[in-house]
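To start, the structure itself, in structure tokens.
In this document, chain identifiers A, B, C, D, E and F correspond to the written order of the chains, with residue numbering beginning at 1 in each.
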Amino acid sequence: MNGTNWQCNTATVEALGKVSTATLATQLFRRGFRTRFMQGVVPLKPGTRLLGAARTLRYLPMREDLDTLDTLGARTNAQRAVIEDIRPGEVLVIEGRSDLRAGSLGNILALRLQVLGAAGIVTDGAFRDSPNIRRLSIPTYAAGQNANTNLTIYHPADFDLPIGCGGVLVELGDAVVADDEGVVVIPGQLVDEVARDALEQETAEEFIYDLILESASVFDAYPMNDEMRARYRIWREGRNEEAR
Amino acid sequence: MNGTNWQCNTATVEALGKVSTATLATQLFRRGFRTRFMQGVVPLKPGTRLLGAARTLRYLPMREDLDTLDTLGARTNAQRAVIEDIRPGEVLVIEGRSDLRAGSLGNILALRLQVLGAAGIVTDGAFRDSPNIRRLSIPTYAAGQNANTNLTIYHPADFDLPIGCGGVLVELGDAVVADDEGVVVIPGQLVDEVARDALEQETAEEFIYDLILESASVFDAYPMNDEMRARYRIWREGRNEEAR
Amino acid sequence: MNGTNWQCNTATVEALGKVSTATLATQLFRRGFRTRFMQGVVPLKPGTRLLGAARTLRYLPMREDLDTLDTLGARTNAQRAVIEDIRPGEVLVIEGRSDLRAGSLGNILALRLQVLGAAGIVTDGAFRDSPNIRRLSIPTYAAGQNANTNLTIYHPADFDLPIGCGGVLVELGDAVVADDEGVVVIPGQLVDEVARDALEQETAEEFIYDLILESASVFDAYPMNDEMRARYRIWREGRNEEAR
Amino acid sequence: MNGTNWQCNTATVEALGKVSTATLATQLFRRGFRTRFMQGVVPLKPGTRLLGAARTLRYLPMREDLDTLDTLGARTNAQRAVIEDIRPGEVLVIEGRSDLRAGSLGNILALRLQVLGAAGIVTDGAFRDSPNIRRLSIPTYAAGQNANTNLTIYHPADFDLPIGCGGVLVELGDAVVADDEGVVVIPGQLVDEVARDALEQETAEEFIYDLILESASVFDAYPMNDEMRARYRIWREGRNEEAR
Amino acid sequence: MNGTNWQCNTATVEALGKVSTATLATQLFRRGFRTRFMQGVVPLKPGTRLLGAARTLRYLPMREDLDTLDTLGARTNAQRAVIEDIRPGEVLVIEGRSDLRAGSLGNILALRLQVLGAAGIVTDGAFRDSPNIRRLSIPTYAAGQNANTNLTIYHPADFDLPIGCGGVLVELGDAVVADDEGVVVIPGQLVDEVARDALEQETAEEFIYDLILESASVFDAYPMNDEMRARYRIWREGRNEEAR
Amino acid sequence: MNGTNWQCNTATVEALGKVSTATLATQLFRRGFRTRFMQGVVPLKPGTRLLGAARTLRYLPMREDLDTLDTLGARTNAQRAVIEDIRPGEVLVIEGRSDLRAGSLGNILALRLQVLGAAGIVTDGAFRDSPNIRRLSIPTYAAGQNANTNLTIYHPADFDLPIGCGGVLVELGDAVVADDEGVVVIPGQLVDEVARDALEQETAEEFIYDLILESASVFDAYPMNDEMRARYRIWREGRNEEAR
């Protein structure tokens, strides 16, 4: 995967392609992180999943003389510049300032990102042309939808600097993982261990889920007491055998 | 139905299983209540309906030393304790403090409630694991979705005390009724009369609906003028005959 | 179309029936307007489109002695009066004061508007009976859903005066255009030129869309550079030929 | 007093010049009113008191082509028109839409109102030139301060129609009473009785205050039990004697 | 001091009577606490300081049939009950649900608390009769001011249970310390050590303050580098000598 | 004045030291700018005035592993680095993300800035140690006060890049002017002309103020009609004579 700031091994990518953002949030909480899930950012359509390395775009409040239609074609326009620079597997993460009064991006730019192989687009602002963006295959996450052009409220400042998005600090190359619940950002140096432990947690939860279905009490099964834990270890072994 | 603080006759249960929350809100307004519909609490999936007696769970702001992963298994944990104490027909109503920065509950606890026969789960906070909760059959209502564990913002304080949820005072055993619009809570002593009058109101509105379809003016039909009211009484009689 | 304050020619109606609100927002921005898209107002169901001339209804905060169930049948009730006065092709736009604590309107009144041939209903408040309103064919847009009757928070003041809705000044007869993204309001005197230029813009964007699909850079294609613009003119001509 | 829609006797004016808004809110609550105190509207400087009859000014969201500097001098400008029409004893109440992004009015217009003998100015928006307005003697109440001209967000629509201000329905001629806590609006037909009962309540509370100072329990004194009430009647008589 | 759940030695009380809430917040942060300062709660007048042990009062949303003027005198009224039960040195902390649409408490009850020797009153709602409360000597902290009686929005539920106030978990007997910046709540078991270290921190900051006045760079002085720390130790010794 | 990106002549500095932010906002509006006044940012104490060239500090959401007490002394800490780099006449403007849950800066750093000759400090977040900051002479503007250390919510990212503050784009060297109403930021290239025209406007308003005091109508005086304008020119001349 391009653009990562983390050691990207196959097991990690496979794990992050499967586990839920809820599980990742738990693993991050275990490591002292409380605020790595973006507030209020949801997929544009159900059934969306995203995994990629963060590229960042920073928006500031617009200034009427700087942010005019004439500037859209300029190579110095940070929005256009970062889009043209995207490589496959990267996710464009936009600091939309939690401002929903305009769209951060419309469907033509979203299509360009899709053609370039981007893994997804994330903003804590809104999208415009959202009905058309919903028809694209690229995973998209936002806090709203708004037909107004980004020029009405935003000045595209720069890219690849650290930004804030949905209350989360996002650095270039951080792992961005999303499902139908929303978006988690994993700091680069933790990606491999978080991915591994998240997968292990979900395996245990699969076992717990079955216990609950068989009417186990949460006091016994979630978290597991000693007896359940022993049963789990046996089940876990059996499963590993099968897998071989 | 378990856990009610109201006289629970068959006609009441049948009526509350049918009428809309809008009709119930009107009946409550007729009795002087303006704030019995929860603000901002919606079903996790369309086509949801809920009826049950309230069990209450109170959340407070977390304190870092009290709210750790170690406490999840404790029998004194109010969240776990109330869940294990739920009986069929009861609805778990959570005071989530209108705080969407974390989930109030995840899918394993939701499954446990489903297995125990709970009538539903309601929070004015968020759920976590919401994509998995959507796959369960238990009716669920919330103000948002968030992957963060409840430990990041909540301290589970106690249960079965009166709480506030979505701006509504909820007492143990109150009737909780919900449809795709949201959640209404009926004080125990009023449940039977509100149910009866709501059903009568919907019968009349069925008649009015047909009048409107036939191009009646709202000045004549909604509310009905004397002539319409006379016609309604005849229609109503005829219908009762049929039903015999 | 009834009730317009704009010169309503066939080409305009045809164009406004097709173009997206995002395109209209861009055309309005070109003319110096930044705030003609309603904030937070979305369709009650996907696949909704609306075009009509604005009729306006103004709500104020309720006063307990004025806003009682007894007033619903009065011919002086501004809500009822404007509804009975609606003509085909008109859109009822309600100043709901961005207040979501009650519904602005329920399904029986919505049905009446549908029977009268109204082009749609727009509020920056909520609807009540929203599950039933969703079953109607009339296009409906709102900022929320709430079972409480409008009497709990609103006093219907008057109609056909200028109002604010979703942060937009709406005058009697303004063109209201909406799609799945939301609602744009075009001042009467600009409707024809905005419609014409919006259609032209969407034709160009169709061409650009194909360029992007063929891996053109946004620096070349969006906005188009001189070369692309030349190619576009030829394509445009060809298309016009076909159309003849 | 000019412009009242209430019977304005001397006792009423004297009472309303003394009693607190808290007392008035209690008297209104006794009559079924819960929302006659403006939310978030406070005096620009401490020690402010206001009493007058409401004149209303309605603001809508601005439209860029309508709300330009050129319109400020026009006699049709609703803001200027209502100001020039103010008579002594009237209060200008502005529907500022709870929008604090600009000022509703600046110090020159405030001065003009002071020269005309206006009893005060109230807005649920902001003032601009607020440091200079603070230097005037006219009582002023607002929800904020902002240097931006009203043209940046407002379109002055019309005046003397009913409006909403701070969540309160305000009709032409309603009694506006304000102290350091904020602003209460009394519907015209209730002004005299509310004024009379408010004065009586404050007399009783003076007595209660002394009881509390002498270490009476609130269970005995607030509300008064039978014994205290008897003592109060004697004290009240004595006081009336003195006053003769 | 009455009502504490902490070991209340003289040094602790002396220290907490002097140090700033900013210093206490730093000491709590050092121990892993990020959220012990109340959000948005400020003194009613400048120059206020408060120290006491928390008594808690819990408010819920009102219910029209439960929360009437008739209930004010009842001994079961939780608001009245807790007030009459207050002992000298205790602080009444009210869970006002961050709701500013009414007052939590008025001046007569505040006076009663003052007479009883309460150390202060804290709410994350509003006060009513705030101009009169400002004239009392009892320290008061709130998030706003509002003339509406608490019955318009609140149901007094119970007292001495844990509550949330300004986003902080408050337990019976916790130490409440406030200055002109706002309110910090220290969990009982930490009070002594936090008080001691806060005092030490302020002593060091006094030294640092003088260094900065003498043009020291923050890189050298704040935090102190080794050289400064050595100088500080000498200064600190000297001071201790003086104090003996 | 240090650090300006504008031509800083004496007349400009003199004018900007006198005129109100309301006048500057009008001059900016005349040039097409609607959003150069910071939303919600007010002086910590009355009687404050500020003029200087912007230095910018950018805060992002904190990350628990990056933002610890250990980092405070590091020369790479952007907050400390920009402070030590401040020159006389510069204003530190902080992008506090409109987040009031912690302080952006405390009194020791504020003192350091004062010692270095900074013209002021502006944040759209809060200050901590605000009671002590109020005792300093350096002009300070913020949106709130909060005792929590900035580490609880902020990561100091970098400095001297363009930022957003209070909804305003602020670039290195922009002119920052503030009075008791709040803060205006003037883009560098416009400073001289805006200053000159603002001074001229205030001279005219002085004349208008006297007209209003003499009972002129706003229709005649504000804006001035031809007659008034003629009188003004004479008065203006006379004044200029005097000044010579």
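By definition in this document, a residue touches a chain if its C-beta (ideal position, glycine included) is under 8 Å from a C-beta of that chain, and two chains touch if they have at least 3 such contacts.
Everything numeric in this text was worked out from a predicted model, so none of it was measured.
Following the contact convention of this document, C, E is the list of chains adjacent to both subunit B and subunit D.
Chain copies subunit D and subunit F are related through a rotation whose angle, from the C-alpha fit, is 120° to the nearest 5.
The chain with its C-alpha centre at the largest distance from the centre of subunit E is C. In this assembly, the C-alpha centroid of subunit A lies 38 Å from the C-alpha centroid of subunit F. Centre-to-centre separation of subunit A and subunit D, using mean CA positions: 51 Å. Inter-chain centre distance (subunit A to subunit B, centres taken as mean C-alpha positions): 33 Å.
In subunit A, 34-35 are the positions where the chain touches two or more neighbouring chains simultaneously. Contacts between chains, counted with the stated touch criterion, involve the pairs A-B, A-C, A-F, B-C, B-E, C-D, D-E, D-F, E-F.
Residue ranges of subunit D in contact with subunit F, taken from their complex: 69, 72-73, 75, 80, 83-84, 100-101, 103, 106-109, 111-112, 115, 128-132, 144-149, 151-152. Subunit F makes touch with subunit D in their complex at residues 20-22, 24-26, 29-30, 34-35, 37, 39-40, 42, 179-182, 184, 205, 208-209, 212-213, 215, 217-219, 222-223, 225. Looking at the complex, you find that subunit F touches subunit A at residues 32-35, 60-66, 97, 155, 157-158, 161-164, 167-169, 187.
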